[in-house]
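Before anything else, here's the structure in question.
For clarity, chains are labelled A, B, C, D and E in written order, and residue numbers in each chain start from 1.
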Amino acid sequence: MLRINDLTVGHCPDTPVLRSASMVLPPHGVHAVIGPNGAGKTTLLHTIAGHLRPTAGHIVLDGHDITGIRPTRAARTGIALAPQGRLLWPSLTVHDHLAITRPTTRKQDRGQSWSLDQLLDLFPELAGRLRHRAHQLSGGEQQMLTIARALRLAPRLLLCDEPTEGLAPTAAARIRTALAGLPRYGVTVLIALPQTRFATALAHTVHVMTSGRISPALDPEIDDADVLIRRHLGLTTAQPSSGPRSPMAVAAGHQPPTHSRCPSSRDDS
Amino acid sequence: MSVDTLTDLAAGRILRLQRRARPWAGPSLVAVAVAAVAATPDGYLHATVARMLPLALLAVSVAAVTGHAGLPTLGQVAPYAAGAYTTAHLALTGVTLAPAQLLVAAVAGAATAGLLGALLVRYRGTVVLMLSLAAAELTAITAGQWRTVTGGTDGLAGIPAAHLLPGTPALTADRPLLLYAATITVTATTAAACLLRRWQSLLTAVRDNESRAAASGHPTTGYLWITHTGAGALAGIAGALLIHTHRWITPADVGFGTAALALLAVVIGGPRCLPGAATAAVLVLTVRDVAAAPWPGHAPLLLGGLFVAAVYLLPDGLAALPAHLTTVAARRARPAARHTTPPPADRSPA
Amino acid sequence: MSTGQSVDAVDCVPSRRTHADIDRAHGTGLTATGLRHCYGKLTVLDLDAFAIAPGDRHAVIGPNGAGKSTLLNLLAGTIGPTTGQITLHAQTITRRRSSWRARAGIGRTFQHPTVYPGLTVLDCVRIGGWHHRHNPHHTPHELLNLVGLAGYADEAAGHLTHGHRRMLDLAVALAGQPRILLLDEPAAGLTDTETTQLLDILTSLPGWLAMVIVEHDMTVVTALADWTTVLHHGRRITDGPTAEVRADPTVAALYLGTPETTDAAHQ
Amino acid sequence: TTSADTTAVRIGLLVSLSGTYTAVGEDMQRGFRLYLDTHGGKLGGRTIDLVVADEGDGPATAVPAARKLLERDRVVALTGLVGGATVDKVQPLTTERKIPLVGGNARPAFAAVGGKPRDLTYTWHTSYNSDEPGIAIAEYVKTQVTDGTVYAIGPDYQGGWDELRGFTDTFTRLGGKLANPDGKALFTPFPGTENFLPYLNKAAESNPAAVYTFYAGAASVAFVTQYRKSDLADVPLYAAGFLTEGSVLSAQGTAATGVRNVLNYSPTLANTANQDFVAAWSAAGYPGQPTTYAMASYDAAAVLDRALSTVDGPVTGEKLNAAIGTVGRVVSPRGDWQFHPTLHRPVQRWYLREVRPDGPVLSNVLVQDLTTLPAN
Amino acid sequence: MDTYLIPAVDAITYGLLLAIAAAGLTLALGAGGVLNLAHGTLLAAGGYVAAATSSGTWTSLALAVVAATAVGAAGGAILAAGTAALAGRGHLHQALLTFGVALIGADLLTTIFGPDTRRPQVPAPLDATLTVAGHRYPADRLAVLAVAVVVAVVGYAVLHRTRAGRLVCATVDDRAMVAGIGVNPRTVDATVLIASGALAGLAGALVTPILGVGPGTADTTLLLSLVIVVCGGLGSVPGAVAAAIGVGLVQTVGVITAPAWAPYLLVAAMALSLLTRRIPLPGARR
């Protein structure tokens, strides 16, 4: 489905974030990229979706080279991105978000098509908020809308950047079920996650990403999830140091500083 | 030697100069320029440059509000008008001492801007722009209507010249007037730039994320109000300077047209660069009043051309011009790096 | 209570806090009474009483859109309540702005942190500690060290990744030397290691510091909070010691989901 | 600037070539050039190096341009000047440098500043004072309306105030009464008023026997066309002649028919000077009929012509100014006139004109002589 | 009562006349987020073209309307090409560019059409007056009223009820995500500016028979349009129509009721409407 060869990409020319990263995603499955903050997960997803231009390497989707295509073309090729940071359109209502987004690919290239009702079944929290503007939503509701919008494109390749961030456990579970069901419709899903537990429970293959490089695929069914996690942890940081590290801890048990009692109202002009 | 290499050399030279003498490069460059102008025997040149400085100082004040406080404003003409008409009346009633006039004008400007700011700083973006447009229009209308004070729509003329100190000759000769106006402009700009540099990180914080700044205990609107009021004092001084260099005033001088020129000069000058704004104001007036003289009637055309050219050639303003040249030079030296579109995550949220 | 009960039927459940607790909070901490916030006709928060005394570790959980962030915004003064009263040290602060409250010792983090994109990471922390510049114990560098961003001190904050922004937001909040710290989903988007690190930081904070944590990650809630309030549709469903609340079947049905989804999401 | 031989005399023409008053400025330039062209490019036997500068919308652009003419080009006389505010601000500059200012259009009141009256030695105008049209027509209007009242309306700026004051003061002194409810002329915001209907319909409620007004440029087009569509349509309209002067008349079209107005010039005046002037105007290919603006500027050239012919040796501002004081009777398309010895503006006849078809086009046709101003 | 009948009718017709003049800017600034200071110049261009084309017959009037619209659209296309490179650089850079274009355009217009005020000739029936309740009223204004209603209804339907209208808002909010759903944001930008230019040109043809067109037209129109668009809440067609009628009221009933305050009324009304607005404007978003 998706093949990435020696991809090099960065935000400024001199310091690439991904360095010769390669990865192969078999079709019709859920795949996860896990890695610590700053590993480059978001960068990878944005590059596939066309928001960043790689300086070297190739991205091949179903045999077509899509390296460096524009986001518009990427969407029309069947790639949808549910970005991190909920990039919604603040002045549009929830309903508008879902109404203006529609599948842009030819019928036979589409993944599962979601009607408005189906999406509201998936996210009942949004049903009562259809007339609200995006900036009036709670954090979790925004996250739901981001994913609903991506699903609405009926993509062949769905890129989800930390999809469950800020979601309550029940909502997260619903998303998990929905994503797990997508491969049946011929959709390939790529999720970027910082934690391992969601990935190991859901994904068919897991890639570990550290400082701009992507590990070969690991199969959580075969590989022991614990081993995977440990490998992941081992790759990320040294053992967290024990004992109090806070400078505040020095003052622990003492009374609060008295100099910052209520300031006089004069200060606040 | 090819033109390309020459440009490269120049860019490199500028960069090196910039690196070595950055803090005083600006003021000293201006000082040299003013001295060069003053050294010429050409009275017309002196007078012409001197007349541009009030608008330059007004642009500095607008830059402080627009660039640093993040409130795009056309309303600084209100304190400008307050300073100018106050100075005019002081002069007409016999107080011709320049320092006294400057002081009173600064106070009048600050007071006007303080009142106006109390309304403006509660708003952001386009609303501020339109409210300040209303302020500019109201200023000009009042200046036209309040005939006893402002002389009506034809304004005031023949205002007595100022004296630098008691007993010194009146500031009428072109060269002393230029030196005086340049000194005031450069001093005021430098002082404002230094003050703003000290508080720059605070103002950036307020602009970037107001609720975060407030949650860290910063009275954000208070900071904006202080900046607005301080800039008002600067505009008041600019108003006094207008009277000193022109010795007449009409409502059109404190209306929308002046406000728009000052704001556009700020855009050309570069965000948050006070000397850039002043330079751009001088540039704009040079194009309108000097460069366009051989083609009478086509000054707007030239001015329009300047604006369009500035948008494309100076994307980050005059302030970034040296750095811009350097990158051009650097790009010549190395093969061009591929441009990358910024990722959406780069944007600030709604 | 049966798990199938309609939540909308649940009226404001009185807090189970003891009078002694509330009195202590009234004298020395932060209390809110009759707090209500409406957007037009939509009531998003309706709480009869809410109290935090020094040293409290108080979690607020609930489904998305329950009004948790709204509660924090009201306590921090980012928005004003439609009705209700908030007191700090027995002094009414309902009409005080957020900047005043911050200086009075109420610090907070944001659910969607951006900090100040145009400043360097170090400057962000400096701005956060502007009112405590002369305190020798909390240099910005130390705080950056604490949250693991020491290597990024001179980066523009706008270039940080999402997870790093969250840690920076925490550092900025700590720089303000709060006595009451309001945390909005501090662990969202963090790796497991970083979550552990975050717990490390939060548990190492001085004992007198009161904390209100809004969080969906129950491991964090369990590890940190001794008291938990569950909100739904802006109302309190239940509150009590964290372990008890976790075991409550209504909470499980509403918030944690059926047992197997709970397990799947939080092995 | 054109290259000129050493004996060429340099004269500055400062007119609006951009902005709101461009139409007037262009007319003035045409008038001056027409005189030069019909006189072989010479005034007083000397080759003229005419330096044109743009006045723009007012003093902000006009003063730098004037300084350039005075200090860079070192002109010996400055002519043109469309706006009153411009004249007010440029006048001190020319006086200081002892350069005669021969204005061809607005002449403001030259308010005294600091208790000192202005020194007008070097200030001349071939036009009129802004209040003179009103003074000239007031008596005629009084006889026409007999016992009726007149509604006065004009634009809210110095020019409008002066024009209306001339009429209302004289009219009330003659025993006339204004129809305006408060007995004072109504002023409409300027610029910016383009919808006059509400004002006109409101004025109709006071049942005036006539309306007196002054507008110029775009506002006059809107005023006249809307007047004919308002409740006042059948009430006689009297005006300062600028209301229907020049190109605005063709934009107003038939709506302007019947407007009676007062001015110091009409293209239908029967004197030979005017017939030559109108013929030269058409021959030069200029559009329409000549206007008072063009005529006044043409006369400014005539004044300079006569004055220069009496100057001996190199021309200086002082010598030229003294010569202007002695030009005496000027033969002009408006009829002969001469400078008032102290006021330095023409003592001239004022005419009543009416907009009527004159051949295929509408024209301000001469009806009768009114009076000579300034009196004595 | 009767005193205010005709002014009230006039307030509405004049307000809708202004609504037409502001329609292009409502689209460009309100919906498309481009601070287009060349709007007045485009309208003036349309007016001049109409004045040059229209000769008093119905055919020539129709031709004038078409020609003016085409010229406006062409101007919009130039602006679209010019502002394409400025995406993401903020309102002030757009203002700088469009102001420059406006100055250049104004100079070209006076060079081509001369500095005189012009007025297109309309067919005689439109130039006549009707008698309403014993008062005369110009027929051309009533005709414009009808057109204004059509423009407003169509504008409302397109901007607030179609996908295209919402895409325009979405593009202002976040271009990258619009691209992410397969719509090219540049196409949206260009369409908005061309349509806005066409509307300005059309307005020129409709408004100038009543108000005339000259060198000052561009500035006056721009200012009034800005007031209407911003007071109307940026991008809301009903808001803009309401604001236009409000301006119409101020400029008719207001100025004759309080003539002494006439110069201040418009600006003061605008400032008040902004100061008392509870909901922050979309433009105020950061």
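Simple rule for what comes next: contacts are C-beta pairs under 8 Å (C-beta built on N, C-alpha and C of every residue); 3 or more make two chains touch, one makes a residue touch a chain.
All figures in this text were calculated on a predicted structure; none of them were measured in a lab.
Visitor: Chains in contact with subunit D and with subunit E: which ones?
Guide: Chains touching both subunit D and subunit E: B.
Visitor: Count how many hops through touching chains it takes, at the least, to reach subunit E starting from subunit C.
Guide: Tracing touching chains, the least step count from subunit C to subunit E comes to 2.
Visitor: Name the chain whose C-alpha centroid is farthest from the C-alpha centroid of subunit E.
Guide: Centre of mass proxy via C-alpha means gives C as farthest from subunit E.
Visitor: By number of C-beta pairs in contact, which chain pair leads?
Guide: A-C
Visitor: Compute the centre of every chain as the mean of its C-alpha atoms, then state which one is farthest from the centre of subunit A.
Guide: Computed centres place D farthest from subunit A.
Visitor: Can you give the whole-Å distance between the Cα centres of subunit A and subunit C?
Guide: 24
Visitor: With centres defined as the mean C-alpha position, give me the subunit A-subunit D separation in Å.
Guide: Each chain reduced to its C-alpha mean, subunit A and subunit D end up 75 Å apart.
Visitor: Please tell me the distance, in whole Å, between the geometric centres of subunit B and subunit E computed from their C-alpha atoms.
Guide: About 32 Å separates the centre of subunit B from that of subunit E.
Visitor: Approximately how many whole Å separate the CA-defined centres of subunit B and subunit C?
Guide: Taking the average C-alpha coordinate of subunit B and of subunit C, the gap between them is 45 Å.
Visitor: Among the residues of subunit A, pick out those that touch two or more other chains and give their numbers.
Guide: Residues 11, 42, 51, 83-88, 90, 135, 267-268 of subunit A each touch two or more of the other chains.
Visitor: Which subunit D residues reach two or more other chains?
Guide: Residues 18-19, 22, 156.
Visitor: Which residue numbers or ranges of subunit E touch two or more of the other chains?
Guide: 107, 173-174, 176-177, 180, 223, 263, 285
Visitor: Touching residues of subunit A toward subunit E in the complex: what are they?
Guide: 49-51, 70-72, 74-76, 80-81, 83, 87-92, 96, 99-102, 104, 135, 149, 153
Visitor: Which part of subunit D faces subunit B closely enough to touch in the complex?
Guide: 1, 17-19, 22, 52-54, 56-61, 63-65, 67-68, 71-72, 84-85, 88-89, 91-92, 108, 111, 113-114, 116, 118, 156-158, 161
Visitor: Help me check something: in the complex, which residues belonging to subunit D touch subunit E?
Guide: 18-20, 22-23, 25-26, 156, 186-189, 191-195, 197-199, 201-202, 205, 217-218, 221-222, 225-226, 229-231, 233, 246-248, 250-253, 287
Visitor: Help me check something: in the complex, which residues belonging to subunit A touch subunit C?
Guide: Against subunit C, subunit A makes touches at 11, 35-38, 42, 84-86, 125, 129, 136-141, 143-144, 162, 165-173, 176, 194-198, 201, 229, 232-233, 236-237, 240, 244-257, 260-263, 265, 267-268.
Visitor: Of all residues in subunit B, which touch subunit D in the complex?
Guide: The touching residues are 43-44, 47-48, 51, 92, 144, 151-160, 246-248, 250, 252-253, 257-258, 288-290, 292-294, 296-300.
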